[in-house]
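Below are structures written as structure tokens.
Common to both upcoming complexes is chain A, partnered first by chain B, then by chain C.
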Partner chain A sequence: MNAIMSRWIDDSRLMGIVFLAPATLYIVLLVGLPFVTALLFSVSTATVGDASFNYVGLRNFANVWQTPAFRDALVNTFSFTVIAQICTIILANILAQLLTTPLPQRRSGRIGMWIARMLLILPWATPLSLSVVGWLWMFDSKYSPIDYIFRELALLGPGTVWGPANNLIWLGKPLLAKASIIFVHVWRMTPLATVILMAGLSSIPTDLLDQAEVDGSRYFRTLFQVKLPLIMPIMLISLLFGFIFTFGDLTVVYILTRGGPITHTLTLPMYSFLVGIDGGNLAQGAAVSLFIFPVLLLVAVVLLRTASRAEVR
Partner chain B sequence: MASLTAGPAPGGGARRLRVMRVLRGTFYTTAVLFFCLLAASPFLVMGVVTFQTDQDLYKRGASPFDYEDMPTLEHLDNLFNDTRYLSFVRNSTVTGIAVVVVTLALSLPAAWALARLTGRRGESMGILMFIVYLVPPTLLFIPLFRIIVQLGLRDNLLSLILVYPSISVPFSTWLLMGFFKSIPPELEEAALVDGFNRYEAFWRVVLPLARPGIISVVVFTFTLTLHEFIYSLVFISASEARTLSTGVPTELIRGDVFFWQPLLASALLVAIPVGLVYNLFLDRLVQGFTLGAVKG
Partner chain C sequence: MSDVNLQGIVKRFGDVQAVAGVDLHISSGEFLVVLGPSGCGKTTLMRTIAGLEKPEEGQINIGARDVTALPPRKRGIAMVFQSYALYPHMSVAGNIGFPLKAQRRCPDRTEREQRVYQAAQMVSIEHLLDRRPRQLSGGERQRVAIARAIVSQPEVLLLDEPLSNLDAKLRAYARDELKGFQRKLGITTVFVTHDQIEAMGLGDRIVVMRDGLVQQVGPPQAIYDRPQNTFVATFLGSPGMNLQLVSERVQRGFRPEHLLPLEELPPGAAHEPFSWRVTRVENLGSDRLLYGHIADYRGEMQLTVSRLPSNVTIDIPLDTVCEFGVAHDQLHFFDVASGERLAEGVAA
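Then we have the complex of A and B:
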């Protein structure tokens, strides 16, 4: 009996299953099950008060598709995400280049670098909902510090380029509101992209860069023909993160504009929240949020292919 | 100065090099300072506003960075004593600690199993874990809301403790997998020879060696619970159960009335400690985000 017990305990395959089971079960119950529920909701008439299942086919999707607000949300979600990602990756590349430039090793330099690093990662480290409250003040219609700086630079106010008004009213005008939201996304994602790119840059073997220098390659040539191609896979990974986080984000829009003015800054997560939770129509809310899924699937496929290619190498 | 353009002149070359170095240093410092200022701007403004009197703050046209009156601690006092801020802090802390415990209990064994599963199966299961991490809460909050209502957990921190590990477990498992892979199986074998069974070997030999990974998971998971917004917004509407991420923007703003100084102070008070912790653990967190493509 004891021998069987100890063999049983020492079976490493069994141990693998025992160890993997809780996490797997948990994920199936809290990610898999809700996902299936979302699919079911989207083809039913579920509301907050009544979750009985009436199959209505694709009617929710059709209804949603015909709503102008939904069209706005769809277009905004894509354009916000794509524009924000392009800006983020450009800024992050510049910043990563700056921060990986070798400096004379002085004590004051190291402390300065530490403080700089702290300030630079604050946008990513701070809970988004709290830093966006900060931006709400920065974009305030009357007291905006940004407007003040523009006024001091003689760009805003009576008789100036952007005048005669004293305030730009960032969140009250469609185009400015969109720009503000994209800006906050870029501000927030750039630190993460930068540190990911820096990790990639520091993993480039130094003899490769020395070789380029011996061959007489100048800074920008080394940058574009050696460094950037080498960190391409990592850049892709950081883009994917940015894409997923921005695409599914509710926080920025919820706190800054709630989708306004009218529906000019509505996004899919915001619309899904307004319909599903505020409006109590779980079925249509689920249908809206499911439009995110194909994008997620696409990103997952790209990710898998990148990972498997990295493995081959 | 002619030597600036005529390079090869003896002595001039060295000076030109020095000028170039100073120029490059200045450019470098200016550029980094510019980015720092941009990144930190809302926090710097928060720091200024926190101590301003109402008269200083709401003065149209005047500089928002000036102090005409003496800096005041009145708004911090107000934040701590007249609002539910401390209860948000407590709720966030309780939730964070509980989620850390659940996450470790689930992801440590799972990561070990995946790390020791040899060949393609282990690898692809690992990547699957990572993809689960990428499923945005936006996709799941409506069905989960229904489930939470059904379980009677609305307005209860337990709802968050139940759901948050669905974000933290996949990422933590992925992160820990890398750590376990770097521990040679021979160490475990040696422990078995010494008379431990496999579970004891895991507990006494493997876990102590994976301590840096465990610390990263604790930091990552705790800050994740601080950051999360959607679930907290949807599951909890009673103000006494609110957490920091939703309590500050919903409860400290009453209708259209903004109490800007306490509001911005509350954000700054969270930003500083979290920023410090992120700075300390940055390299390890980045390792997780680069899919193991970069070995730190």
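Then we have the complex of A and C:
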């Protein structure tokens, strides 16, 4: 019995298969199958009511491409993602700098830093749907606390700069709605980016920073010419992560605006959902969602190549 | 060029006193070596001079200026770290030029490039200017670090074990070169090392440190010939001085190279005879090390070493009583309790 067991365990091919099986199964069932299904749907006439397969070639893609709503969704998806990433990386850099600044070795300072780091990670640790519902209230057309603060500051309301209305109606105006969605994405991604950058910053040898100080370099020169170049690979990784998360995200738009007003905040995942699930046209919905795929594939390839190069250094 | 004056420097890390009250004067243009075992506070002392650590007590003067409260960039110092701390993302030229840019003392680009080139030439690495640090050997990295340190013409050069990452052969060569160009530049230099051979070979003066305190300061030969206490006596020399109790209060010390067969002692010199059995011989090529035991005043045997130069070819049979001796003027006496050197007259 034991002999058989140990022969199995020593057989590296067999054990290799056993160890790889769960991950392979997971990928095939939860990623591969849906992907293939989407591919098949996108070249068919499938609807929610009728999933039978009629091959129609690339007609769905052509139809989708000509829809103005799709064009809006395409532009929005890119612009939201890019703007959100730029804001995130700037904010995360500032936060990471602050949170890795050595404090005077006092107890209160260390506890304060610990609390600050805890609070920082909260937006990332909260389930996204919950926190976006929170933001839905923050942006409420009537009871928005943000509007309340502006009113108290005499910026909003009759006879003020932004008046005479009592509310900004965040999610009801095209530009504000776009800004709100980008803001929530930034709020959501910043913690992870900050933590990644903090890890990068604390991996810089202290000798190097001391050397910069001895060389006469001041805060901003050390930041831009020593610290940032050194954490550039890891910063790129954090950027690409953020890109993937934001690009494919449905939750934020779905809860806040469902793409409105009209199609001003429509994104590809949202549009795909509206067409495919709400509208019941599975085939076109699949076609829309497949536009996301090449972009994410490209980003993923860049990400992996950057990561492997960062390791070598 | 400036002198450096340290007065009562104390640096604590929590409960640890890394530097426990150091007074030191480094003359202008001097090559001073700080020597001590690892953990004795050499790096901390150096970082305090550089301004990277703020001392709890004491005052630092460079030239006529009190720099105690000044940041590193206002002290006119340059430092080479043990790790060389080259910026990995910059070329060699970028590394060497960085202090010039950072200190904004050389705004003109062509002049800056010229000074970078001159500094590189000084340490013969002008052909490496376009390389990245990771494409360099250990010795080349060390040169880049030195070029970067001298490019801004500092008043004081601080070197923290700059040779300890080099292999033994390269180290001897680098030592010679370092000394040569320090002479040429005449720059006030503080060199930290735990290697006594490096210290003896390089220093105009040596400072021996232990547990954050200065044990002895002086020219290498003077420290070797007249160690101030048993720590210095045993730390310097390889192997260190033999120590032997001669009474409850007094310890006697003599260097291995002074414990010689009677025939080898200077004729007519007054000497202390030792009869001992050599139990082991190590032939090092240039010397022979003899190990054996000699009884102290209580009759307890103590490990003792003799070092014979290779021109002493006399045959030393193992486990046989041999007659050796130490010339009287090569004997040192130390207080047992404090370890301090006793004045010559006291012991006799």
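FYI, the second predicted complex is superposed on the first by the 299 of 313 C-alpha atoms of A that agree within 3 Å, B and C clash if a C-alpha of one lies under 4 Å from a C-alpha of the other, contacts with A are read in each partner's own complex, and residues count from 1 in each chain.
In this text, contacts are C-beta pairs under 8 Å (C-beta built on N, C-alpha and C of every residue); 3 or more make two chains touch, one makes a residue touch a chain.
Predicted model, so just to flag it, every value in this text is computed and none were measured.
Tell me which partner A:P174 touches in the superposition: chain B (first), chain C (second), both or neither.
A:P174 contacts neither chain B nor chain C.
Of the partners chain B and chain C, which touch A:G279 in the superposed model: first, second, both, neither?
Neither partner.
Does the superposition put A:F35 against chain B (first), chain C (second), both, or neither?
Touch status of A:F35: first partner only.
Using the superposition on chain A described above, determine whether A:A212 touches chain B (first), chain C (second), both, or neither.
second
Based on the superposed arrangement, let me know which partner A:L230 touches: chain B (first), chain C (second), both, or neither?
A:L230 sits against chain C, while chain B stays out of touch.
Looking at the overlay, does A:G109 come into contact with chain B only (first), chain C only (second), both, or neither?
neither
Counting residues of chain A in contact, which comes out ahead: chain B or chain C?
After superposing on chain A, more of chain A is contacted by B.
Touching A:R221 in the superposition: chain B (first), chain C (second), both, neither?
A:R221: touches chain C, not chain B.
Can you list the residues of chain A that touch chain B in one structure and chain C in the other?
none
Quick check on the complex: what are the chain A residues that touch chain C?
Residues 105, 205, 207-208, 210-218, 221, 225-226, 229-230, 232, 313.
Could you please specify the touching residues of chain B with respect to chain A in the complex?
Interface residues on chain B, with respect to chain A: 28, 31-32, 35-36, 38-43, 45-46, 49, 57-58, 60-61, 63-65, 105-107, 109-110, 112-114, 116-117, 123, 127, 130-132, 134-147, 149-150, 162-163, 165-166, 169-170, 173, 192, 197-199, 223, 226-227, 229-230, 233-234, 244-246, 248-249, 260, 263-264, 266-267, 270-271, 274-279, 282-283, 286-287, 289-291, 293-296.
In the complex, go through chain A and note every residue touching chain B.
So the residues of chain A in touch with chain B come to 6, 9-10, 12, 15-20, 22-24, 26-27, 30-31, 33-35, 37-38, 41, 46, 48, 51, 94-95, 98-99, 101, 103, 114, 116-135, 137-138, 142-143, 145, 148, 151, 166, 187, 190-192, 195-196, 198-200, 202-203, 233-234, 237-238, 240-241, 244-245, 247-251, 254-255, 268-269, 272-273, 276-277, 282, 285-286, 289-290, 292-293, 296, 299-300, 303-304, 307, 310-311.
In the complex of these two chains, what residues of chain C are touching chain A?
Touch residues, chain C against chain A: 14, 47, 50-52, 71-73, 77-79, 81-83, 85, 87-89, 98-99, 101-103, 134, 148, 152.
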